[in-house]
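To keep things simple, chains are lettered A, B, C, D and E as they appear, and every chain counts its residues starting from 1.
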């Protein structure tokens, strides 16, 4: 049987990969995807724990996280769209109106 | 199963109000006045506040202890509602001439408030998390709601990105804590922490730190403060006020309940980093505020600095810091909301009048605005006998009493630094000529009501803080 | 084996140049995670994962991609990429020791076969977690309203 | 030298003596203009006259061993330190009282005429009365602090009166100089007082009252007394124009002539002498200080005389002669011959006042001309002035049986019998020089043909009676005032009998009569030599005055330029001090101190404007920063365990 | 809570505030009404303070007319006010100068309303600071005072007013904020020791801390007071503030505000931390003496009359500090007396300068000269005030300076000797200024047309001059009322009899610590 920390490590790695995406990608949609990736990594952790603790709370949590993820995706995409209307670009680094 | 819903009454009240507002909005034609919506939302807030006061002293937990309604929750609920009410009052004309959908705007303010109240009352990490998200998403939207203004949307984007990012960390923290303690319920968690402090898995502490990161982000403390200036500057001014008060307050409320109280077992682990963060937050906030040319952005930085002062109360621990924390939050809400209300008074659709030079001569063109603004500035700078001073006094007092004299001294030096830029506003208003034309400012009584309330609150808390102090003591005591 | 796949797909999400490819890679990754859920005795969650994510959310993503159809090719590479990658790797490097200690290596509890079944999920969802459930609905409502407000095209 | 304890009598008439002039001054200050010049002047004179009358009345009732006292009220009480505003009159005070009020009265009369045409006459009399008030305070105060009040007060009045014609810069500058130089002296004076009070206070005695002091003076250690007396004497050098602080007096001649006569000849400048006499019990215990005083006195007498030899300004000559005569007085004080000092003070008051007023009358006649080279041959035009002037000149030169003869010879005899020949020699030579420059002046002014310019010549006239009357009175005084203090081999000194009880056996040395006569004769000899030289040089014809200027070598120029003392002081004290304060005002204050302050503020701004750069506006930078923070925290978390 | 019968001091404090409120309600066009209201209020305050004075028992050194109202009871913060022989005179000085200052502001034309409101608020602030007996209350008033002054300088000031105003505030706050921490710490220590939470000054007096703690606390207090005084290196805000402030502002600033610094030393810093004060005495005395000479030297070089007077204040306040830190009756009594003197004479100087400025719109010394002919009365008054500030016997200045020097001489003869040169320098620069402004030929044609003082100006100056003379001729009424209070203070500092026994601070300190 696979030990717990195997899952934990995998999810940690995926989380880190998600972080990479958020940091480096210059396309807001991909950045948003990377965020989803992070959340899913956390989901994996939750489920793994729930399995190994034998408590359902973890799975329930995942359920809620999905809801949150959906909500964030929706809002995020909406914001991206409205932003795209202002400057025809998806590059996060081109948002330079507000600084200093 | 039998569930006692009474503790949820105020929250439900607001929720219903929000829905009513949205529905009522559908039946109003495009260009008709929408004062009714304001009226509805204010009534709703009023009722909710009334219910909260009625529930004052009630100590109940419901839904398998996933939520606790105690004076602490009530105290913050009142602050949130106050903030929401004043925000709505001061945003009426702003929203109208910015072409923002009013119905949704007010509804979202109410939704955000609901989220905050849940945060303050949450006794289960899941509830807290969902409340947080409700609030955040509502505020993301509010930030970006001035769609014709590209700054607004940029602010929304930045806020959302960083918020989501932070959410990831926060959630990770929750997950790890759940993994270590086997539950998301704070009571159980604290019991676990109390029972076997010896064999904590390492990732419990790690989870605690990730949680801490999430909170630090929400209160906008260095080094997680970067979103604050940009978002505050870009967001519609009333929203900025709402954010800088209510969101911060909510974050601190949750912080006080979860980290300071339930997870207090971990205090020793993050005391030092918090100490560093506190000093950094105060200093950087004040320092960067000095060279701003936009009052709005200056206020953003100053709100960072004030988060620093609040963190002092956190650092010195629950025993000494609790009361000052709550009291400071209260005073801070009044003066900040007031300041932003004045700011939103000046702004127009095409020209937002946020710079110091726009304030030139305001004091004599618009004596009321000038007086109120200087009141808020002096209070923020910590001049007696104003609320800001009282708040600072008790925070520093707590620091000294708990032996953190270093923090106290750095704190006062920082407020000296802050005098520089707060006074600049007064200099502009009273000692310089030119600036925006007096008559072009909004006359709407609503804003003035908001400002007046804020001003009175600031004065009252400064001159006769005894009762407020008493409330905050009771409120914090109810955590135990 | 599975985890290798998961990591690879996630890397593809992050490093592929074409947005659509990224999206598809993400779909793949989500599927793999769903599989993980199933192996971890969370069949219900796995199903939801497929339905909500792979179904709803990803479709939404693809819609938006089509809608905006970014003309300019995304610029990449350069010092910033390396910097970001390094930071993230450090994060991983910190998380690994944080998570992999003896304590977390304990074996799974002997679990009943009903564990993770829809019933159990529903039970705890509608008993212990009914309040969060309600809040979640509010949350989604807020999200919808917000999305409409933000994305609706002005007349 | 414990004196016979005097009998003290309360006598509350005293306060009116100083009060009357004060009241007159106040009245004139507020309503003088309304009253008009004539009445105001009359009032002023009347006031001084009244207090003169009072003084005489008091003097009548006074016996050498009684002391009248009049306590007005407690002025300052602090802890156990107390000072009263109260007056006393004893033998010494009585003399001063008569001099001040009497001569003061005469000079007031004179001023009526002299200032008659000046539009500032009322102001003048206000000042003059005020001066009399302060002077009386000085001489009548029964404690050191009241004396000091008067001391400063007369300084103020001299400041005001020197700068009376304020529209001329030189006058006002001279006024400032006078006041400030006096302040320097007072600096010593105050410190002396402090030392006295605190040292006695340490013994539990808190007083500045003269009688008390006299009682407890033994408590003090000799060194302390030495310091105290030296400090006090510094005050005296300031007020009485002794080396090194004499520089202000010649310039003070810028004031109206009656002022020079009253303040800078007869009364104020002698305050130093009075003070030392008043504190004789203190000085007598400080032999070192006494010898210092003697030397300084002698030196001053000598140098001032040498300067007087060559001056052209009629008043400057008199001024330096005053300094020189004051030197005599301090010589006497230094020899412990307080009585002699006061005696010379007394006589000097008469003839010097007479001389000044005479000079004034001359200047008045030549409307404002003061250069002796532009005078001459006035004998014919103004006989009364001339004769009185002659008398006074003889007196100051010390011609037999004039006032100066007695008093000066007394001092010289003291010096001689004291056995220090150098001191005596200095006095001796000075006597000769005095005779020379006085007669030089006499000849230059009144003999020869008139060198004044024509329009001055046109209305040469004798001064009115109101001016000449005082001259006559003073002339008479400058003969007979001296007869009070005749030496033993003549009819004896009533003066000593009068002051004996006060100063006790202060002067013990009475050598052989023959020796005394010898000294007198030699003195007369050198005096006559001086007169003869003056006659030879200037008497026959004042023609070659101008030539004389060219003549004479370096010494002459030194003397003419007053040994460049002013210039030296300027170089040593004034310039460095101004330079240094300039340095303070223009560098230290704005640059260093304020610079630091503003520097801090600037630093804050600078830091702010630099650090603001981290807020790049690039959201992914923010995210990176966020991550860094998170990493730091996690690293710390790991590092902990 | 305020049901307690409102005491006289509270009334004195309240009158200006009420006046300000009434002014706020008056339409801004009716300038005359505004002025008369302000005048009325300040005058009434003066009258009432005289009533207080009449109720005051000069024979006792204790706090009198004390009022206590709990303010924040749970924190031991109370509203405590009271006066003793020291503060009563400063209260009188304040209420006495304020109407005069308002009269002097007749020339203010724009924004009159705000101006007067700020003046009255300022008065309350200063009075409060003088009568407060609760450290927290004191701090509140101390800071409250700052704001109106800041506005007065910044709004109605000269060309560099903003710089001056901000400098003033920042400088003062820099000191006072540290004092706040010290106050809190002190109260905390008291709470530890006595188990009684209080900011009551009289209670805190009895707390005796070890020297090292005292040293820190004293430093914090001393810094804030030294800036206000201002003591030598902290004085640079003063010239700027004075030069830029409107006449009335300067009058109040010099007349009253500076006294708060010295008063703070006497009331708080010294008796609260006696050992530290004694230890610090030599250094503070040194600074004071440096300040005396330095201030005089710099004053002499000034070409702007106002600046000259400002620096002269630095010099004079140096004397006051010297007296305070002599720690004997003469020194302290002289110091307190000198506070009053300086308030009067420097106040009058600023008034006179202001008058000439109103006429000629310049304060440059070389713009004047020979003013006696056109404005004899002005010149005469200036002369009197000049001599009063030089310290001429018979005028008020002398008594104070004499006592100060006498007291100081017993402690530090050499320093005192150095300080005494300040008297000479004072004469030099004041007379020099007077000569260049008033005397000499009337060169500048602009000065020929000057008209002499008007009725209002005479009314303003007459009372001051009367006091200047009276206090010089008959100081007893003031001195004997101060004595008991100072005695009490002295007893708190050390067991010194009023006699100026020569205690060298360290020596006493040693003996004290041995005593412990």
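Throughout what follows, a contact is a pair of C-beta atoms (placed from the backbone, for glycine too) under 8 Å apart; a residue touches a chain by one contact, two chains touch by 3 or more.
These numbers come from a predicted model, not from an experiment.
Between subunit A and subunit E, the least number of touch steps comes to 2.
Common neighbours of subunit A and subunit C, by the contact definition above: B, D.
Each step here moves to a touching chain, and the least such steps from subunit B to subunit D number 1.
Chain centres were defined as the mean of their Cα atoms; on that basis the chain farthest from subunit E turns out to be C.
Interface comparison, B-E versus C-D: the pair with the greater number of contacting C-beta pairs is B-E. Of all the chains, the one whose CA centre sits at the greatest distance from that of subunit D is C. Averaged Cα coordinates give subunit B a centre that lies 31 Å from the centre of subunit C.
Remark: subunit D and subunit E have CA centroids separated by 38 Å (rounded to whole angstrom).
Rounded to a whole number, the gap between the C-alpha centres of subunit C and subunit E is 71 angstrom. A separation of 26 Å divides the Cα centre of subunit A from that of subunit B.
Within subunit C, residues 80, 84, 87-88, 91, 95, 97-99, 101, 104, 128-129, 132, 136, 139, 142-143, 146, 150 each touch two or more of the remaining chains.
Within subunit E, the positions touching two or more other chains are listed as 170.
Subunit A has residues 8, 15, 18-19, 22-24, 32, 48, 52-53, 57, 60, 64, 68, 71-72, 75, 79-80, 82, 92, 95, 97-100 in contact with two or more other chains. Contact annotation for chain pairs lists A-B, A-C, A-D, B-C, B-D, B-E, C-D, D-E, with touch applied as defined. Against subunit D, in their complex, subunit B makes its touches with residues 157-158, 161-162, 165-166, 169, 202, 205-206, 209-210, 212-213, 216-217, 222-224, 226-227, 229-230, 269-270, 272-273, 284, 287-291, 417, 420. Subunit B makes touch with subunit A in their complex at residues 126, 129-130, 133, 137, 140-141, 144, 147, 150-151, 153-158, 160-161, 164-165, 167-168, 171-172, 174-176, 178-179, 182-184, 203, 229-231, 233-234. On the side of subunit E, the complex with subunit B involves touching residues 71-75, 111, 114, 136, 139-140, 143-144, 146-147, 150-151, 154-155, 161-162, 165-166, 169-170, 173-174, 177-178, 180-181, 184-185, 188.
Those residues of subunit D that touch subunit E in the complex are listed here as 73-81, 145, 148-149, 152-153, 156, 159, 163, 166-169, 172-173, 175-176, 179-180, 183-184, 186-187, 190-191, 194-195, 197-198, 201-202, 204, 206, 577-578, 580-582, 584-586, 589, 593-594, 597, 601.
By the touch rule above, subunit D contacts subunit C in their complex via residues 620, 624, 627-628, 630-631, 634-635, 637-638.
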